[in-house]
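When the chains are written out, they are named A, B and C in that same order, and each has its own residue count from 1.
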Amino acid sequence: MRRVAKGVLYKLSLVAGVATLLFYAVDLMPGDAPCFGPGMTREVCAQIATNRGLDESVHARYATWVVGALTGDFGDSHRQSRPVLDLIGELLPNTLLLSGLALVLAFGLGILFGVIQATRPGWVDGALGTVLLFFYSMPAFWLALMLILVLSQGLGLFPAAGVTSVDYDALSGPGRLLDRLHHLVLPVAALTLVSMGGVARYTRDSMLEVLGLDYIRAARARGLSERTVVYRHGLRSALLPIVTQLGLSLPFLFSGAVLVEAVFGWPGMGRLMYDSVAARDMPVIMGTGLMFAVIVVLSNALADALYALADPRVRYERD
Amino acid sequence: MSVTDRGTARDRRGGPHGTPRWAVALIPGLGDLRSGRPLTGWALLGTWAFLLFVLLTRSGRVAAALSGEVSGRGAALALVTGLALVWSLALYSSGRSGARTVRMSVPWRGLARRFAANRGAVLGAFLLMGLGWVAVLAPILAPADPLATGPLTDRLQGPSAAHLLGTDEINRDVLSRLLHGARVSLGIAFLAVALASTLGTLLGAAAGYLGGWLDRALMAVVDTVLSVPRLVLLIVLVGAVGRPSLLLLVLVLGLTQWPQTARLIRAEALSVRDREFVRAAEALGFSRTRVLFRHVIPNSLGPVIVAAALGVGNTIILEAGLSFLGVGVQPPHPSWGVMIARGREHIHTAWWLTTFAGLAIVLTVIAANMVGDGLRQGLDPRAGDDR
Amino acid sequence: MTRRLRNPLSAAPTLLLLAACADEPREPVGATAAFCQDALARVEQYMATVPSSPSDSHGGTVVVGATAELDGGMMGLTTSDYNAHQHQVFLNLMTLVRYDDRLEPEPYLADSWEWSGDGTELTFHLRDDVYWHDGTPTTAPDVEFTYLRATDPATTFANPTYFEAYEGVEVLDDFTVRFHVRPHAQPLDTWRAVPIMPAHLLSEVPAEELRDHPYGTVCPVGNGPFRFSSHRPSESWTFAANPAFPQALGGRPSVDRYVYRIVPDPSTLLTELLNEDVDVYVSMRPDQAGTIETSGRARLLNFPARDYTFIAWNSSRPAFADPALRRALTMALDRQGMVDGLLGGRGAVANSGVPPVHWAFDPDNASALPYDPARAAGMLSSLGWEDRDGDGVREDAEGQRLSFALKFNPESELRQTLAELSQAQFASVGVEAIPTGVEFSQFLRDILGSDRNYDAFLLTYSTDFRVDDRDLFHSGSSDAGYAWSRTRNPGIDRLIDTLQTIVDQEEALPVWREYQAAVLEEQPFSYLFYPDRIVGLSARVQDVTMDARGEWVAVRDWTIPRDRRKYATPGRP
């Protein structure tokens, strides 16, 4: 029990560390919120900073932010003139949908292909490996551009941008679901294709290692069907490192989403983060940064938990 | 690379199947090929043929570059030196009876054997080597100055004999920019990975071997850095300096990569720490620094090498992403990411701008990944290429 | 184990369902939530009582696509974003006057106006049939409120120069308001630009909180032809036709619904236009216009506007102190080639900040300083800049190289291209320009900061209809933010001072000519060109006219013909 408490404490301090680091790093960033245009004189810009309390010292601002954050108030976005929590509430579902779906598919398909590669050595393994490596070696944004060019503009199969179509509100329930799916296809495909190669490779290697072990040979010798041997006995152990990978790869999908979201005009957290850095929108940078940190820490914890669950020998011995 | 001394008897007679000694001396790699070292052989032969071909076809350019009339003196020097080196190597080995013997410790020998047996990895290694030479020789190879603009009324020409890969939005030769882009993209990636590997190895091994507060503090830093998505971290870091330069990119890419290396090597060092030879060295009274550098690090390096190979591919993609967002490589340097980013305005009409740069990235990253895979399987005999 | 494998896959539809359930625009949280809920509820209430009798020609949804969010939303008192301002004055809000197609003021919210004999009193008579979208009439106190807030420094109104000559306001009755002013040039331009804001909603809000108030992005209740219906951050703004808009001003808009979509990537946006998922692509990149021409799937509209692109020279750096040198540098640039090549002919070579659409534009000025590298090289030589050491770059007698960093922000692809092109063209006359990309926030600090951290930089700037270069070139403002060239020229000072006090345009015209000639001589900037604004239109949308007043000037008239309507509209069979 003390171990768990210690772990939680460690993770909390990690989040606090990230927040502090981020606040001071962003403060050190040269350049201010853009204040520019005919008539936007220095006096006007200075007044804007005063109105927003930006003329105080960085420590005072940090203290204000911490007090606010502890009471659930993350301030208002300077660019969008609305509470940061509101903005995150609007955009987070979009990102979760896109990243979550891509993650599920990348792991589902990756594991599937990895198992196929491991169990069918020879040309199947080789061909699948080559195709997966090809996509794995592609910048996601380039693949995204190509997908749009061919599947959206060329063949007109899928919309190129947006989460829903303009008449979404007028659609029926199933219509809405279809509309969302239609818009999800290209971005999810771009993210999934570039990331499933890694999962497949892990699975394949892990499977091959397991299938060579004594107990599998023993299972085979007992005359169990190949199917049972591979899936019931082999995959169970082989999944162990992949499960850890699942937890650890959440940040990749979140950061990868910055570029893919930009290309597909997907209003999500990655773009919010990028835009807010460009505009020096401090409350949003801090809000989203903190949220990212929490998600990563949580997913690391989840990976540990899954690992422990899958392998009873591991009980928080890993630090 | 195979390092056994098989076939030395035949070498002494001038080579197997009667390959004359002068041929072995003249054509680098032939000796190795004939004596059962195909990897070294083909590498030497390929390099030699490529460099010779470049020298012969672009001799005027090389001469002008050497005399300082045009830019690219470094590239011309590298070409001449490289050629001289492989040739002297051939002369040396033909003069010496028998093969060069490289002394390697046992695990590395196994790695080399398994790596050589992996066709994909070998292909990847050759590809990377070739790309490396292309990057080095870019000023000699490029048909035109990558910064020289042509008349604007005739811009965005499609691929033709005059411009093999077409021209861009201010009528610059795309092929030349692609070749020079290899310098920027590969250069940044290799330097960043070298920085990350060095830093990660030193810190990770020290943390794992020495333990204590150093370990805890370092791992806290590692966890913190790894908690922030890398691209986001990069955007903030580059933004923090405001003016992205090549050096800055190398620094930020390297400094955000080392925690991963550190974590890998720390785990390895933890297991090495309790092995007999380390204990023995400590018992003999060697200083901890000496043990760290002489025993712990050399025996934990395996995963670092794999991570470095895979990291090169990763870094190229990241740099491209940063450049795509406009916070990466700045003009007039033509990196591949920049070329994609700039070409996307014309993606509907001038496909050649984005396509070739994208393919160059894919090719390089595939090569790096194949090498990484080969190394990984080579280091871990259980990883299954021996079935 | 196989079941466990499938489990993650079966999670996908669940995720989707979750998202589909949670996709109603979320209610804002926090202390200001009540304000917006209340305001929007009253709009719904009032709109339910307005008789709406759409004719057959009315209907459809027009979708506008752009790469940027409407920063600051509909808060007319603080905005400095071009697109946001256009939406305020042409869609959601109203101004007292508007410009006709010859850029002459005509009545809008104000039915008429008159001047006192000495030109110090300006009296507006407002229409009495304009209602805020919640049913409250728009009256003189709204105008008074707008003026008082705009002139209060705490509000941080974006352009205080509009009110420089204003001395006071009085409300004469519900629909009459009088301003006390000092005589100045183009006095009505202020009231073309500043939208009137609703006093009944915002008068309780302290001035310093207006800029970040949720009114702007969550519940903008206006009085214009379109009323706000929803805003999804970074995604879209939706407006609906306002059936209560006065018939005398044209009545309700032709379309039922107007959607502004944000698609940050220009090439994706172009695909959306070609697929007819976007009907109007505003601020299209010049390079993309060629695609439209060859595709045949959409059409183009371009019009001259008030933007100009230039290289600013920091004349406090000794190398750039001499106007003759700056003129030589301008002549080394193939500006006509830039217009023909980079802009595809959609634009014109510039020689001053007075755009061709402005009444005082001097066409004779336009052909000055033509591209002539030989003469430019000769001029540089005669100024003592020679390549003495044979490195291809000129030096002065002391060996100082004619080399400088040319800053730009890489977010703009056009300026990135221009920087590289200028580098090549300067190089051919022995001048070394080093393109230096600086991220936008940092770029602004460099060019606006008091340390003037630049030799030269590239920028596209937008002038107002009332051209006033005081901030740019008057020596009196040379320490303020926009005095990029640090010009100190008494002749130019005198001309700028005079121009802003002449009310009569006939009388001002010769002075304007003199001013443009003086700028040409001084050459504080190398003006490159006036780029046209380019718009792509899908086959769905018709009756679109645009001009220097802006893309949205006639948005009320945009039509989606019956057979082209493809979206269902909520609340309509």
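Please note the rule applied: a residue touches a chain if its C-beta (ideal position, glycine included) is under 8 Å from a C-beta of that chain, and two chains touch if they have at least 3 such contacts.
In this text, all values refer to a predicted model and were calculated from it rather than measured experimentally.
Here A is the chain whose Cα centre lies closest to the centre of all protein Cα atoms. When the interfaces B-C and A-C are ranked by how many C-beta pairs touch across them, A-C comes first.
Work out the mean CA point of chain A and of chain B, and you get 29 Å between them. Centre-to-centre, using mean CA coordinates, chain B is 48 Å away from chain C.
Separation between the centroids of chain A and chain C, computed from CA atoms only, is 36 Å.
Annotation for chain A: residues 29-31, 145, 149, 153, 262, 278 touch two or more other chains.
Among the residues of chain B, those in touch with two or more other chains are 239, 242, 344, 347-348.
Annotation for chain C: residues 265, 267, 271, 274, 411, 439, 441-442 touch two or more other chains.
Residue ranges of chain A in contact with chain B, taken from their complex: 14-15, 17-18, 21-22, 25-26, 28-31, 118, 121, 133-134, 136-142, 145-146, 149, 153, 201, 204-205, 208-209, 212, 251-252, 254-256, 258-259, 262, 270, 273-274, 277-278, 285, 289, 292-293, 296-297, 300, 319. Those residues of chain B that touch chain A in the shared complex are 219-220, 223-224, 226-232, 235-237, 239-242, 313, 317, 320-321, 324-325, 337, 340, 344, 347-348, 354, 358, 361-363, 365-366, 369-370, 373, 376-377, 382-384, 387. Of all residues in chain C, only 265-267, 270-271, 274, 285, 287-288, 290-291, 294-295, 334, 337-338, 340-342, 410-411, 413, 416-417, 419-421, 423-424, 435-439, 441-442 touch chain B in the complex they form. Put simply, chain C touches chain A in their complex at residues 1-2, 5-6, 8-9, 11-12, 15-20, 22-23, 25-26, 28-30, 61, 63, 69, 71-73, 75, 80, 153-154, 156-162, 208-209, 211-214, 216-218, 232-235, 259, 261-265, 267-269, 271-272, 274-275, 277, 411, 439-445, 448, 461-464, 471, 480-482, 566-570. If you check the complex, the residues on chain B that touch chain C are 147-149, 151-153, 155, 169-170, 238-239, 242-244, 326-327, 330-332, 342, 344-349.
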